[in-house]
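Heads up, the next two complexes both have subunit A, just with different partners, subunit B and then subunit C.
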Partner chain A sequence: MTQDNHTAVASDTTRKLSWGMITQNGGVVALLVILLFNVLVTPNFLHPQTLFVNISQVATIAIVAVGMTLVIATGGIDLSVGAIMALAGAIAPLIFTSAFAEANPELGLALAIIVPIFVALLCGVFNGAMVSFLNVQPIVATLIFFISGRGIALVLTNGNLQTFSNPAFSYLGTGKILGFPFQGYLVIVIAVAVWWLMAYTVFGRQLLAVGGNERAAQLSGIPVKRVKIGAYVICAGLSGLAGLIVVAINSASDAARIGNLMELDAIAAAVVGGTLLQGGKAPIFGAILGAIIIQLVKYTLLANGVADEVALIAKAGIIILAVYVQQARKE
Partner chain B sequence: MPNLIEMNRIKKSFAGVAALQSANLNVTPGEVHAIIGQNGAGKSTLIKILTGVYRKDDGEVKINGNVAVISTPREAQDAGIATIYQELSLVPLRSVTENVMMGYEPRTRLGLINWTAAHKRTQEILTRFGIDIDVRAQLGSYSTAIQQLVAIARAVSMNAQLVIMDEATSSLDDQEIEILFGVVRELKKEGVAVLYISHFLDELYQICDRVTIMRDGQTVAQHVISETTKLGLISEMLGRDPEEIKAAGMTGLGGNSKAPGEVLLQAKSIETGRGLKDVSVAIRKGEIVGLGGLLGSGRTEAARALFGLDTLRSGSIARGGGKSAFKTPAEAIAEGVGFLTEDRKREGIIPHMSVRENMTLALLPQLKKMGHVDRKRETELVEGFIKSLGIKTAGMEQPIRELSGGNQQKVLLARWLALEPDILILDEPTRGVDVGAKLEIQSIIREYVDKGLGILLISSEFEELVEGADRIVVLQDGYSVSELQNPGVTEESLIAAIAHHHERTA
Partner chain C sequence: MLDTSAFDLRRYIQGNTHNLGVWITLFALIIFGLLRYENFGGTYNVSSFLNYNAMFIVISVGMCFVIMAGGIDLSVGSVAAFTSVIAAYLSPYGIQVALPGAVLAGIAFGALNGFFIVVMRIPPFIATLATMLGAKGGALVISGAQTISIDWSSNFTKLGLELAFGVLPWTIVITAFVVVLFWIILEKTSLGRTVLAIGGGEDASAMMGLNVRRAKMFVYVLSGGCAGMAGVFLASGFGAGQPLEGIGWELTAIASVVVGGTLLTGGMGSITATVAGALLLGLVFNILNFENGRGVISLSAYWQMIIRGAFLFFVIVFQSRVANSGKRGTH
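Right after this comes the complex of A and B.
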């Protein structure tokens, strides 16, 4: 990310400064505009409570967007993230409300986190294997879990809303460190870890090479299939974690609603953050920025009494704008 | 006879690079006219200007004596020019009739398609070419040859005066080629001209009347085909007057030939599904083995097979120690074999990535230190290669796409040299590279060969092969037919070996 900016700036000195600045830093400019608008218009925007609400809400989008960025960087896309969130979110309460977990609370809690994420990882293996071994189009391969994942979650829970009271588990969604929501820290840790993965490890470099030119990558001896599967597995794992956070925030699991339309938010965040849909780039912090912008737009409209449905339209507008800016940048 | 098509002094550049400089072409009605030339000679650019895909920078196009302005493929079609591409532009899932009539369907009084008339008309058109098939069947259920013929039939039914066939026979078998030739002769009888582009010279003698030869964006000659020899055509195509070349030392590959070392890789009678029939070649330590042959003779296919990209149908490849062939490029690389591909853009560079990242791509697994890439070693290595290969770049963090072709090629060469391989396969290593960079690349290669690297060199430039290679294995239609030993090879003898028709024992 940092080095991307570096080279981009270096090669762009000839471009007109004003427009160049906006296209290169479109995300930051957009964020500043939204913040300024809210400070002026939205009541109580500068209240700390507003910040906390937004952090806890943006966390899930940001975590999934990071995973989505990796998948898009390989030239793919993952539609199953929302359904995998629902699946993980449905399994967790089943475990810690079971008789076994009541008897062994610590072990039960650990399993309630480990097992759902493990299941999510398996879903990722399936997605990746479909894409790389069976050469299924990513959009179709991930459509399988997009449809069936939520179905499985509903079957597991008989379609019931599972409510629970488990303070230890709920810490994932409601815990605070130094007054800030726990999941805010989690986002930072994940973003830094994945950024490091992409910038400094062999896997990260190979992933970008696969997305940038798959044939060249294969001819350079890169295990293209394994790298692709890796991207889908990480994305699915992060989605599973996000599912747990949603459940923890609400102290309830509703398989029909967890992660609903999350795939669109995550893709939008990645695109707004500067990820190229044709692959080859993975601006991790850009994705976080994209997630924050999308969350803030949602919040701005909601806080000013605009209906949720209208917020969806606004989101579409942002995506169009982001893609437009991307196109302009390419020329 | 007045010319049907006349193209005079056509010029065309892409991003400042001249693709055509003063190219001419004239085709008379009812003749079969061939265009031949090496890759990059400007054949397809010329055709694309005629068919309205590209716009010419300068020059004039006349059709039937009138200056014509063709700026879209549609306008070319309306002017009576039809093109049959290598990849067919038909709809395989629809019926033959629908494909032939597309856009020109006969209507009933109610404005609906009159299927009875459509089928009847299609049948008539096809019968004219001696094709008797069920026009109601899906086009895709027929062979490529039939599909191609249907495309031609469609073109003729739209009153084409000129049919352009671009490598039309490349996917056909012998029998299908005969049918196609029958159709070409039929077209000729009806006064339709055919512009025929092919890499197979034998075909020209069978059906063409005249031939235009192109080289480096210019038309170098036009002949009546019966007055030419194959050797003459080839030497004009390559621009090699054997006398003139004897002024040696024009490439940087020439060097003192030492006694060849141990055998590093040996391929015996290999065959693959990609048109490689029976090729044997050995690569020894510290020597350059050239692969000679025309386009389509199986040079690149042989390289792909050696690198583990295509699976062998028969034959064997043995690495020095007696190990068998590689199944994947990764295996080949691990065993010390590199492959610099012909298509820099599609199979070489990762455009978004920096010079540094591109250079160390194949080496990455070896740069791993405690789970991450050893940036310090990487930087040192890249710096070293930038200096020793003289790569002109603003810095190792510059995206590779911003470098010139020659410098991109040097980065890719460094990608392989960094691995310290035993064997390097070079497919057209100096294509599309300016003269200065070309010499530099050639001398880098020679330097490494002197240190013991074994090289398999594929090049369409005979000069490069003759001067660079210690031995040249000559390929023809997927067979290795002869081997020339340096010193003693001249371009003339190489051309003769390539053009000479070898009896096959297979």
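Right after this comes the complex of A and C.
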């Protein structure tokens, strides 16, 4: 009798544990399920080419998602990432196709990378300053660049598609090291660097404190405004870099299309990766995992002949499910 | 008793300073236009301007309700695109079927938002983001990613062309009706008061015994219905259901609400000022067209994005200064 009871309790705990493990590691479980499904169903899924395509496509989402994670960790949101990508992506070709850059290729190339990222960082300073000094809600503050950033990019390029042939610059998007796409390594370097920043530096601790409880952080002497600006600046800088990669992949820059709807992908990746929208948590590798899941779902559906439109609906379902599980865990 | 009236007076004055900016700017722009351009005040310009902006006014006043309740609705643009396709499909049966059908479809999406937010307790930002993706995908699926022409022989075409009572197009009359109806709901009904109370403090409202869940459901259904109506206007204006339209509409609507002096934190707001905000944003584009028509300057349509962003910036700076000085006044 007692034995039976004991077993019942034990099995109950196991069940709880396994359910808890699933909700705690929902992202990993989801990834495994998708991978298993693909291995069984999708033709040529295990072909190296599939891997390369997915890596080169997921890189931009992952890079922006890392930045978005920092902003969400402060309790904010950044809607302007796609527009900043477009802006950076429009400026780069303008620089390296100019007469000056043709005369000085090395300097031109350096400027074509430094200037767009610098402009992106300035956008981040603006976003951060709006949020921390004017106390504007992040969704409205970043709405300004969401609307006008792409406008500036379109005005600069006159709305034209800029095509170019510049192998050195294109290396950002098409280069390979040991057979793997260059931007894959870039993602790893960025993720490790930002993870280190969050885990081992004062800035990282302060950022989480601000997101956890802003008032308490303020009272304990944390420079809340500076920390918040820092998060928006990093996010904008990474968005600028992602914009350059998109342009490099295509050897063309279309300001109307670069980074379109990227804010949604990045937010979705961050949320699927376990970032709490209320702030106070910044799972960097979770965001990368989220980006991979989003990309793989898109790929799975497309590779199996499901229309692009339906893939959108699936993405919507994933977002709702991820947040619902997160919500349930909290309660 | 004395305390209450003093509080009301202060709130009234503060509320009006919030709205004052948009009205002054709107009138200044109208006077500028009337003085500078010959045909600015002509029947054709006024009528076509209002006709085109009717859909933005309708989604903006719906958005105003959601924001006053402390929420946000990012799905309005996609839902409008979806319902424009529904309206086009139903147009052979006449306006008496197409209009209610499309509005009902919008209401269904609003109810879905409400379900996610009220029942599943998913944050509004994420819930409506998912609906945005879902509705966009849905619109593409039901239309086969094609624009769906309306039935030109039905009376559906009269909506944008025929003058109601020989004065203004039907779209404008319907919009005016919606605005007046919403104003009455907000100012004169207990439901309107409940919406404001929720935005002011959800927990407090629930403790006071207000039906928070019903009112929250109501605002999302209302916003969905407005998006449905905007879809009807879209189909009638373009002569076709437009599954790819509606991108960025949610931000235009949010911008109109914010420009109209409504704070995104909820708890306060004005329907009339929101209409003024929507008109103001539309007028920027209208004046840009006239300015180009004079041939002195030639600003591409892309400039309107930058100018809108700049507008939003100045309004926000103005708002935050008013809000800060108001705060100082009460201390």
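Annotations
Quick note on the criterion: the second predicted complex is superposed on the first by the 316 of 331 C-alpha atoms of A that agree within 3 Å, B and C clash if a C-alpha of one lies under 4 Å from a C-alpha of the other, contacts with A are read in each partner's own complex, and residues count from 1 in each chain.
What we mean here is this: contacts are C-beta pairs under 8 Å (C-beta built on N, C-alpha and C of every residue); 3 or more make two chains touch, one makes a residue touch a chain.
Computed from a prediction, not measured in an experiment: that's the story for all the values here.
Using the contact criterion defined above for the overlaid structures, shared-chain residue A:220 touches subunit B, although it does not reach subunit C.
In the superposition on chain A, contact of A:150 is made with subunit C only, not with subunit B.
Counted by residues of subunit A touched, the larger count belongs to C, out of subunit B and subunit C.
Judged by the touch definition given at the top, the superposed model places A:137 against subunit C, while subunit B stays out of reach. Using the contact criterion defined above for the overlaid structures, shared-chain residue A:206 touches subunit B, although it does not reach subunit C. In the superposition on chain A, none of the residues of subunit A is touched both by subunit B in one structure and by subunit C in the other. Those residues of subunit A that touch subunit B in the shared complex are 3, 6-7, 10-11, 196, 200-202, 205-206, 208-209, 212-213, 215-223, 276, 280-281. Of all residues in subunit C, only 72, 116, 120-123, 125-127, 129-134, 136-138, 140-141, 145, 248, 251, 254-255, 258, 264-265, 300, 302-310, 312-313, 316-317, 320, 323-324 touch subunit A in the complex they form. Of all the residues in subunit A, the ones that touch subunit C in their complex are 77, 79, 130, 134-137, 139-141, 143-152, 154-155, 158-159, 264, 267-268, 271, 277, 307-313, 315-317, 319-320, 323-324, 327. On the side of subunit B, the complex with subunit A involves touching residues 307, 309, 328-330, 332-334, 339, 341, 346-354, 357, 361-362, 364-365, 367-368, 371-373, 375, 394, 397-399, 402, 415.
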